[in-house]
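Chain nomenclature is as follows: A, B, C and D, assigned in order of appearance, with residue numbering initiated at 1 for each chain independently.
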Amino acid sequence: MRYAARAGDRDLLVEVTPEGRFLVGDRLLAADLAEVVPGRVWSVVVDGQAHEVAFVGADRVWVDGDEIGLAIEDERVVAAGRAGGRSADARQEIRAPMPGLLKRVHVAVGTAVSEGDALVTLEAMKMENELRAAHPGTVTQVAVGEGTKVEGGTLLIVIRSP
Amino acid sequence: MANRGEIALRVMRTCRELGIATATVYSEIDRLSPHVRAADEAYPIGAASPRESYLNIERVIAVAKRAGCDAIHPGYGFLSENADFADAVAAAGLAFVGPPGAVQRSLGEKTSARRLAAKAGVPVAEGTMEPLRDEADALATAKRIGFPVLLKPAGGGGGKGMRVVHAAAELPAAWRASTGEATTAFGAPALLMERLIQPARHIEVQIIADAFGHVVWLGERDCSIQRRHQKLIEETPGPSVDEALRAKLGAAAVKVASAAKYVNAGTAEFLVAPDGTFVFLEMNTRLQVEHPVTELVTGLDLVALQLRIAAGERLPFGQDGVQRTGAAVELRITAEDPFAGFLPQGGRVDFVREPSGPGIRMDSGLAAPLTVPTDYDPLLAKLIAWGPDRATAIARARRAAREMIVAGLPTSLPFHSFVLAEPDFVSGRYDTDYVATHWSRPRAPEVSEGAAVAAALAAIARIRARPRPIAVGSSPWSRSAREDMLR
Amino acid sequence: MANRGEIALRVMRTCRELGIATATVYSEIDRLSPHVRAADEAYPIGAASPRESYLNIERVIAVAKRAGCDAIHPGYGFLSENADFADAVAAAGLAFVGPPGAVQRSLGEKTSARRLAAKAGVPVAEGTMEPLRDEADALATAKRIGFPVLLKPAGGGGGKGMRVVHAAAELPAAWRASTGEATTAFGAPALLMERLIQPARHIEVQIIADAFGHVVWLGERDCSIQRRHQKLIEETPGPSVDEALRAKLGAAAVKVASAAKYVNAGTAEFLVAPDGTFVFLEMNTRLQVEHPVTELVTGLDLVALQLRIAAGERLPFGQDGVQRTGAAVELRITAEDPFAGFLPQGGRVDFVREPSGPGIRMDSGLAAPLTVPTDYDPLLAKLIAWGPDRATAIARARRAAREMIVAGLPTSLPFHSFVLAEPDFVSGRYDTDYVATHWSRPRAPEVSEGAAVAAALAAIARIRARPRPIAVGSSPWSRSAREDMLR
Amino acid sequence: MRYAARAGDRDLLVEVTPEGRFLVGDRLLAADLAEVVPGRVWSVVVDGQAHEVAFVGADRVWVDGDEIGLAIEDERVVAAGRAGGRSADARQEIRAPMPGLLKRVHVAVGTAVSEGDALVTLEAMKMENELRAAHPGTVTQVAVGEGTKVEGGTLLIVIRSP
C-alpha cells in the first residue's frame, strides 16, 4: 500500500511493503514503531534515532516537542492525483471557531482581499477577535449578517483564490 | 474560593498546607472541573455565563455564609477587582482576601488612580485625569496630546478594551469597540486617553501591605510579551532593569500604595521607555496571574501572606527581609491558536502530559479529559521555571515547554517554543511590540526530516493498526500490526 | 545514558538544557519506557535481566561508540559504582561521568574505604578492616566486638545484603543470606562486620570535587527513614544537625574525598549517635537518588556540575560560594506494598496523576500506561518539596503526596502520608529504627464517614453505569445512569 | 437494589431507590456523582461535601488522598448472608506476589503460626522478601519446595484459622 504524506512542509511518498517494512521515497527503512498510549502517543526508532509522536488534532501532530500539520492520503487518493491540502487553498471557508456574537462584517461579496485582511469581528470570551484571510482572493459569499449569534463551526465567509 | 481553574487550585493548595478547609463555587459547565474535586466543599451557583455564576455577588456570598466560611479569596478576574463585592463581603461579616472596597474604588477607576499617583509624586502618562465625556471630547484630547494615543476603559484593567489610535480617522471605530468591550468587561462604558508610549517595556512591581501601614515591594516583573495588551510571558528580574531603576520603581510603587492606604497584595504597573524614564499605568488590586515568578525568586508564598494579612496579622518581615535569588520566567499556556492571531479556542482536552523536573513549577488547571468552555479566560496552565541565572531559567522553561503535550485543542505552546529560542528575547532585547514585530506572520516550526518521517510513519501505522491494548513490554505495531500487514 | 527510569530522564533533562544530544540504551522489556522516548537516540542492548542489558559493560560501550558519544553517565545502581566499567569507558576513549576506576576501587571495597578513612583521621565503627575469611572468623569477630553486630557485603553499598545479628545463634542464617545477596548484587560474596550503632541517624554529606584537587561539601542529608537498610525519605538540613556538627561532618567528608583523590560528585555516609559522635560508613561514588534535596536548597544542578567536571572543567565556586536556603524533603515513591513489609510489586500502571504547584518538584519515571517490571529497582518517582523552613517543606510534601494517584499497583504513598503527619517525624525526632518502631503493624488510614460513603457510592455507580464518554459539562451519572436505574 | 459495602473499616448498607437516590443506612442522600475519568475517577458531592474517588486496584480505592480497601456485594450476596471479606480470614492463601526464586520455606504442614510469622523467603528484585502470616492459624499446605522458581500468583502456603 502506498501513501502520500505531508508532514510540516515536507511531502513524503511512503510505501508499506508486504513484509511490513517502510519504503520512504527510495529509502528502505527498518523502523521500530511502538504504540505507547493507545491511539495517541507513538515511539518511533529508525536506525537508532528516537522520535516521540503524539496525535494532538485531526491534522496536527506533535513530534519531539514541535507541532506540525500532518495529512495522509492512501494510494487511491494519490492515484486520483489530488495532492494533500492543495484544494483547500482554492476555496477558503471562514467558519466561527467558537460560539460568539458576529460584531462586524468588514467585507462584501466581490471584495478582493489580500492575505491577512480582516474579514469579520467575532466577540467571544469577552474579547473581539478579528478573523483574517489566510490567502488572497475574492469574497464569493457572506453567510451571516452583523449582530448574529453564531455557533462554533458556522460558515461565515467564502473566498475564492485565483 | 470565588473562582475556577488554575488559580482556584493554586490558592486551595496553600490553604491545604496551612490546614485551612476550603469551599468553592462552580458553574453548571464546571461540574467536572478540577477545582470542584480539590475543594473540601463545592456548591453550584448557576449557569455557565459569568453573570449567572462567578460574577454573581449575591450567590457567591450566600454560598460562603451557608458553608460557614471565614474569608473569601477572589483569585484574579471575575469579582477580584469589584469594590462592591469587597464591601458586600465585609458587610456579610466575612474577611475579603484583598484590599477593602474603598481602596479598590480609589485605584480601580483608572483616572482616579492617575490623579492619586500624580498627587503622590509618581509620573503618569500625559492624558486625561477624568473620564472622556464623549467621542468629541476624545477627538479634542487626542489632538491636544497628539497621535498616536491609547483609548482605555476607565473601569478596569487587564488590557481588555484597549485600542491604539494612530489618526483621527481611526477614532470612531476605536471608540465604538472600546466602549463596547468596556461595557462587556467592566459594566461601565467610561474611557480615558493617554499618549501612546512606544517602544516601551511593561514592567510591574509586586507589593504587599498589612493593615498597620507597612508596605514592602518584592521586586519587578517584565511583562512586555503581550498580545491584545494581554501578557503571554513574564519574567523577573527584568533583563533591562538595573539596581538603580529597580529601586526607583520599587519606591514609586510603595508611594502609590501608601497614598491609597493599600492593604494586602497588589501590583503597580509601569511603562518604561528606552531611556529608563517611566510612567505609572495602574494598580492591580489583586493577586496577579504571574505572581509565581516573584514567589520563585523570593521564596515567599504570596497566597499565604494574603491570608495572614486578611486575618489581621502584621507583615512578618520588612523591606530588608526580602531576598531575591536567581531568575524566573512564566509561560501562560492558553487555549489559543498562535497561528490564527491567538484566537481563543474552546474544546475538549483528551490527553495531557505536563512537564516537571529541576527548576520547573506547574500551576495548572488542566486534566484529561477536560472540556474547556469558551465562557471564561482561555488560560489553561502556567509553566514557571527558576534558574540561578536568566539563561538557565530560559533553558529550563524551553526544555519543559517542549516536553508538554496537550491534545484536543490548539495552545500557545508553539509560540513559547519560538520565543524561548529567539535571539532578541534570549538576549533580553524586547518591548511591548515584540509579538507584532516577531510573530506577525507566524511560521510553523522547521522539523528535521527524521522527525517528519517519524510522524508520517506513526500516522500510517495508526491508520493501519486497529486500536488494541499494549502487551507487556512489547509493541503491538511491531507484533500484531505487522501481522495485519502480511494479510 | 547507561541507565533507565527517573534518573535517566533527570540526567537527560539537564543535557537538553545544556544543548547536549543524548543516546540511551534500553532492555527488551523497556521498549515502551519513557527514557527511550526522551532520548535523541536509543539502542536495544538485550534481555530484561540486568546481566543481559544494563549491567553488560561490553554492550553499553559498544552502543556508546556506535552512537559517537563523548561521555557516559551511569546514573545510580547498575554500573555506576563498577570500577571496571569506569576503566573500560576511559579505555574506550570516552569520558566517564563519575570518579575514575582507581578511586572507585579504593572506596568501593568497604574495608578498603574504612582503612582509608581511618588513615585520614576520620572515625569508623569498630569492626573488621579486612573482609571476613569465613563464618568462623565472623563468629570470633562478633564475640570480640560484642553483639549486636552488623554483617555487610564488602563489595558494595546501598544497604543490599546487610543483616543485623543479635546473637551467635542468628549468625549462620545471617551469614548465608548476606553472602547470597552479596553475590547476587555485587558478584562478590565477601562480607565485613561492624559493631551495630543503635539508635543512630543515617546522615550523609554531598561533596563535589574537580580534577584539580578542589573539594567542596554542599550540606548534609538525613536519610534515617529506611526499610531493609534502604531509604524511603530524605531531608536537608538534618533536623538534629547543628552548625557545629554540620561543619565537623563536612570536614570529615572532605578529608575522605581528598585522601581518595576524589573527582566528581560523591556522598560520604555517616552514622550519628544521639550524643553527636559519628562514624564514617562508606563513600557512594555516584550521584545519589536523593541529590534533588541538595539541589533545592543550594540552587545548584549537580548533574550539570558532574558533566562540566567530567569535561575537565574546574569547580566554578569554592566552599564560600555555597549558600543553602530553606529546607527540602524527598519522598521515594516505590512500587512496594507498605502494608506487606514493603514487598516490591511489578505490574501495570494504568492511571497516574502527579502533583505540582508551589515548592513541588517531581523527578518521575511514571507514565500511563506503563508496565513496571520486577527485574529492576522498584523506585517509580521522587516527590521533592522545598520550603523556607522545614515545617513548610513537610506541609507541601504532604499536600502533594495526597494529591498523587497511582492506579494499577500498590505504592509507598500511604506510608509517606502517615509519616508526614506523624508527631515524631514532624518534630524531627527519629532514627534508623523509625520504620520498625512506627510502622511494624501498619494500619490503614482512618477516613471520614463522608469519604467512606463517597467511595461506596462511586463504586456502586461504577458497577451500575456502563462505561460511556463524558458529555460536555454534564455528569453521565446524574443524567444517563439515573435513567438506567429508572428502567 | 441493595448493596453491602465495606469501605476501610466501615460496613455500609446502601439501597439505590427506583428514583436513583441513595439510602445509606436510614439516611436518604441526594448525592451528585460525576464520572470524571471514565471508569477511573469520580467526583462525589453530597450536600456540599466534595469528595474525589479513584479506583486504583481491584479492591482498593483512593478517596481524598487516602487509599482504603473497598468491597461491594449486591443483595443476592447480602441475602446469602455472607458479610464482606469475612470468609477470606478463615483460609489464608499465601501466593507469590511476583516472579522469583523460593529461597527458603520456614514452615511445614501442621506448623502453628501467629500473626506476622515468616512463612517463606522469596528472592526477587535482587532482594530477599519474607512473606508473613496475616492471621494466626495452622499450616495445612506447603505447595512449593525450596529452590523452586515461581511465577507471580503461584500458591505457596495455605493456612487455616480456628
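The working rule: contacts are C-beta pairs under 8 Å (C-beta built on N, C-alpha and C of every residue); 3 or more make two chains touch, one makes a residue touch a chain.
What you see is a predicted model, and the numbers here were worked out from it, not measured in a lab.
The minimum number of touch steps linking subunit A to subunit C comes to 1.
Here C-D and B-D are compared, and the pair linked by more C-beta contacts is C-D. Averaged C-alpha coordinates put the centre of subunit A at 51 Å from the centre of subunit D.
Distance between subunit B and subunit C, defined via averaged C-alpha coordinates, is recorded as 38 Å. If each chain is reduced to the centroid of its CA atoms, subunit C and subunit D end up 30 Å from each other. If you average the CA atoms of subunit B and of subunit D, the two centres end up 47 Å from each other.
Touching of two or more other chains is recorded for residues 32, 34, 36-38, 49 of subunit A. For subunit B, residues that reach two or more other chains under the stated contact definition are 31-32, 369, 402, 469-470, 475. Per the touch definition, subunit C reaches subunit A in the complex via residues 23-24, 31-32, 36-43, 66-67, 367-369. In the complex of the two chains, the subunit A residues touching subunit B come out as 1, 3, 5, 7-10, 12, 14, 16, 18-20, 22, 24, 29, 31-42, 44, 46, 49, 51, 53-57, 60-70, 72, 74, 97-100, 103, 116, 123-132, 152. Against subunit D, the residues of subunit C that register as touching in their complex are 160, 177, 180-181, 184-185, 228, 337, 340-341, 343-346, 351, 353, 374-378, 401-403, 405-410, 413-414, 417, 441, 444-447, 449-465, 467-470, 475-478, 481-482, 485-486.
Taken in their complex, subunit C has these residues touching subunit B: 9-10, 13-14, 16-18, 28-32, 48, 292, 295, 299-301, 325-326, 348, 354, 356-364, 369, 371, 373, 388, 392, 395-396, 398-399, 402, 469-470, 472-475.
In the complex of the two chains, the subunit D residues touching subunit B come out as 32, 34, 36-38, 43, 45, 48-50, 52.
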